[in-house]
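Here the structure is laid out as structure tokens; the discussion comes afterwards.
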Amino acid sequence: MKFQFENLQQMFIMEGHGPYVWTAVLVSVAMMVWLIIKPLADRRAALKDIAADVARTAKSNGET
Amino acid sequence: MASGFSAYLRRDLLLAYRRRGEAASPLIFFVMVSTLIPLGITPESARLAEIAPGIIWVMALLATLLSTDSLFASDYQDGSLEQLLISPQLLAMPVLGKITAHWMVTGLPLTLASPLLGLMLSLPAEGYVPMMASLAIGTACLSLVGSVGAALTVSLRKGGLLLSLLVMPLYMPVIIFGSATVQSAIDGFAWSGPLAILGAMLAAAIALCPIAAAGALRLTSIN
Amino acid sequence: MNWLSNWSPSWQWFHRLGSPRWFYQTTGRWLPWLSLLALALLGTGLVWGLGFAPQDAKQGNSFRIIYLHVPASFLALAGYYIMAIAGAVGLIWKMKLSYMVMKSAAPIGAVLTFLALFTGAVWGKPTWGTYWVWDARITSMLILLFLYLGVLALQYAFHSNEAGNKASAILALVGTVNIPIIYKSVDWWYTLHQPATIKLTSAPSMHPDMFQPLLVMILGFYCFYVVALFLFTRAEILRRERKTTWVKALVLGESQS
Amino acid sequence: MPNTPLLSVERLQFERDDCNVFEQIDLTVDRGEIVQIEGPNGAGKTTLMRLLTTALQPTSGTISYAGQSIDLCRYEYLSDILYLGHQPGVKMTLTAEENLRWMAADSNASIQDALAAVGLAGYGDIPCYNLSAGQHRRVALARLLMTDAKLWYLDEPFTAIDKQGVSFLENCMSDHVKGGGAILLSTHQDLAIDGVRKYGISPHADQRGL
């Protein structure tokens, strides 16, 4: 197994195919990152919501 | 159990007969949109002939789609669907009866009117018989598959557009083999092959779609 | 039709296994390791595929897109089956967790299908000179995307979460029956219209040096898929189970620590 | 089995989107009984009717017909019940007569007599879209005269009908229970029949927070 390009710059250019390959890579990585961030954000929002809920009921229970 | 089938078949045919104007609209749509094609593309008969099989099939598909959302809608609104759900018979049989009625008032008239469109779009003479055969079988498949979508969306207020979104991908095999039947006949090949596959699809759809539609009605129409 | 919703008491163990709480806690323990594994596999595969795998004789470097396109297509299709099976389990055994998994699988699958289409299009430009060709694989992928969108749209069209779940589960099942038919039809249609053009991928004839990184990428995508599915399902569990004591306890525990 | 009630409902619960709709329901209905379901709006009266008629599946609890779970005698049970819901199931494009012929397909009773009894004599061959809402309701009520069903479920049967209609319906109901049938109905109105048992249902605590 050997590195196929002379240097990193060559790897970026990929004999003219670079733009295609790297667009595919970038978009893929971006969407995959989104697939991770989205549920994490959802989870955080849900936790915050529930915490507020719990606090509210605790407060109203304390009053009565 | 079969009585549920014929009873609903007869009732839906009677209902369609009473509302003839409404029932005819898919057919009128089919004819009218097809006249837009020469206006939009070309009046040249050679080029029209080339695309005629595909155009006629796409139009038939759209016309069927247009009427599919009414399959269960009026029954849902006036409460007869709820009565149907609690009737003791097997739900799939009345559903199949309704689908058959739907085909008889949409697919069948389309099939019978298609030679007219063939003429208008200068379909080569060899194409007529295969076109009618494939439309007869294919539109039945479309009604059956569409019934599942109609059942799923019946309780939604704006189900019509969603319905087309749901069933369109499921329609693809039918349109592929439907237009291929006509095309192979025009190109001088045997057209029994694709037609037989359409027939096989119809058999599978008759077996599965009423059950799926019945399940969908039972699980999602009443909440 | 009662068989659809009937279940016998002997299945109760199954319900316990399918408890959202159990799922939440177990996946919580697995997630760090799985994420690490996914990251390692994807990183290795990507560097290997982009930098070290030999060039394709005909397509040159553009062929390297295969390391994203094929795994994404793979998971897009597998994801549909996962979604449909989860939906079926939900319908048959009325299992809430199963519906949550199904609901989570839909957006992931749709995104992966879109990725498969996008990478396919970008790959097509240097290979065929055009972004879009009605190639059998790409057309099938497009239909798969429509199927995913249908399930997503149906899910959110219902006001009631439950009705949406049931409806999209049925649709997913109908789609599952249809997918092989659709794929076969499109294949047949393609050979009818365009006999023998360049085939994008021919895995059996692939050189091992090219194939090994692909295998690593496929494994990496599988791990990634599981991680994403777990994350989506966990968020859904919190939303749906917010009234239960265990979720409240969990929230209190997190805010204290 | 003379001692088993016609209908018995045990620990019935129904969840909609993880929220219980009503407090647990335990209820028995004997032959010859009229049970009036009472409860505020949103208490789940219609939901209960739909559960009892199997249009919805309960989350937990059992419904038994003549001592047997309705899951085991589904065909028998569904053949023995009659349900009138909010929407009467009357087809607008059909005439009153055709509607009745369709709705009571397996009955031998005369359609003309039934129509006459609900005050629609002579309206039999008029399409229903030419009739008023109250008259639609009457067409549906005419079913009651033509059915052999033992157990009637009537969801708000008095909606949109006039005084005569009300007294007709009340007569119909007392005849039915005298003949050994049973009726479960939901209405806010007090009935002019003796021996109506009231059963109150209330929304579940889950519903109040919303």
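The letters A, B, C and D name the chains in turn, as written, and every chain counts its residues from 1.
In the analysis below, contacts are C-beta pairs under 8 Å (C-beta built on N, C-alpha and C of every residue); 3 or more make two chains touch, one makes a residue touch a chain.
Remember, predicted model here, so these are calculated numbers, not experimental data.
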By count of C-beta pairs in contact, the leading pair of chains: A-C
So, in whole Å, the Cα centroid of chain A is separated from that of chain C by 17
As a quick test, compute the distance in whole Å between the mean CA positions of chain A and chain B. 44
For chain C versus chain D, what separation do you get between their C-alpha means, in angstrom? 47
Approximately how many whole Å separate the CA-defined centres of chain B and chain C? 32
Multi-chain contact residues (two or more partners), chain C: 5, 160, 162
Two or more partner chains touched - positions in chain D: 16, 74
Go ahead and list every pair of chains that touch. A-C, B-C, B-D, C-D
Could you please specify the touching residues of chain B with respect to chain C in the complex? 90-92, 148-149, 152-153, 155-156, 159, 162, 165-166, 168-170, 172-173, 176-177, 180, 201, 208, 212, 214-216, 218-220, 223
Which chain D residues qualify as touching chain B in the complex? 16, 50, 53-56, 74-75, 78-79, 81, 83, 85-94, 98, 102-103, 105, 127
Would you tell me which residues of chain C are touching chain D in their complex? 2, 5-6, 160-162, 240-241, 243
Write out the stretch or stretches of chain D touching chain C in their complex. 16-18, 57, 71, 74, 206
Over in the complex, which chain C residues touch chain A? Could you list them? 46, 50-55, 60-62, 64-65, 68-69, 72, 104, 107-108, 111, 114-115, 118-119, 122-123, 125-126, 209, 224, 227-228, 231-232, 234-236, 238-239, 242, 247-248, 251-252, 254-255
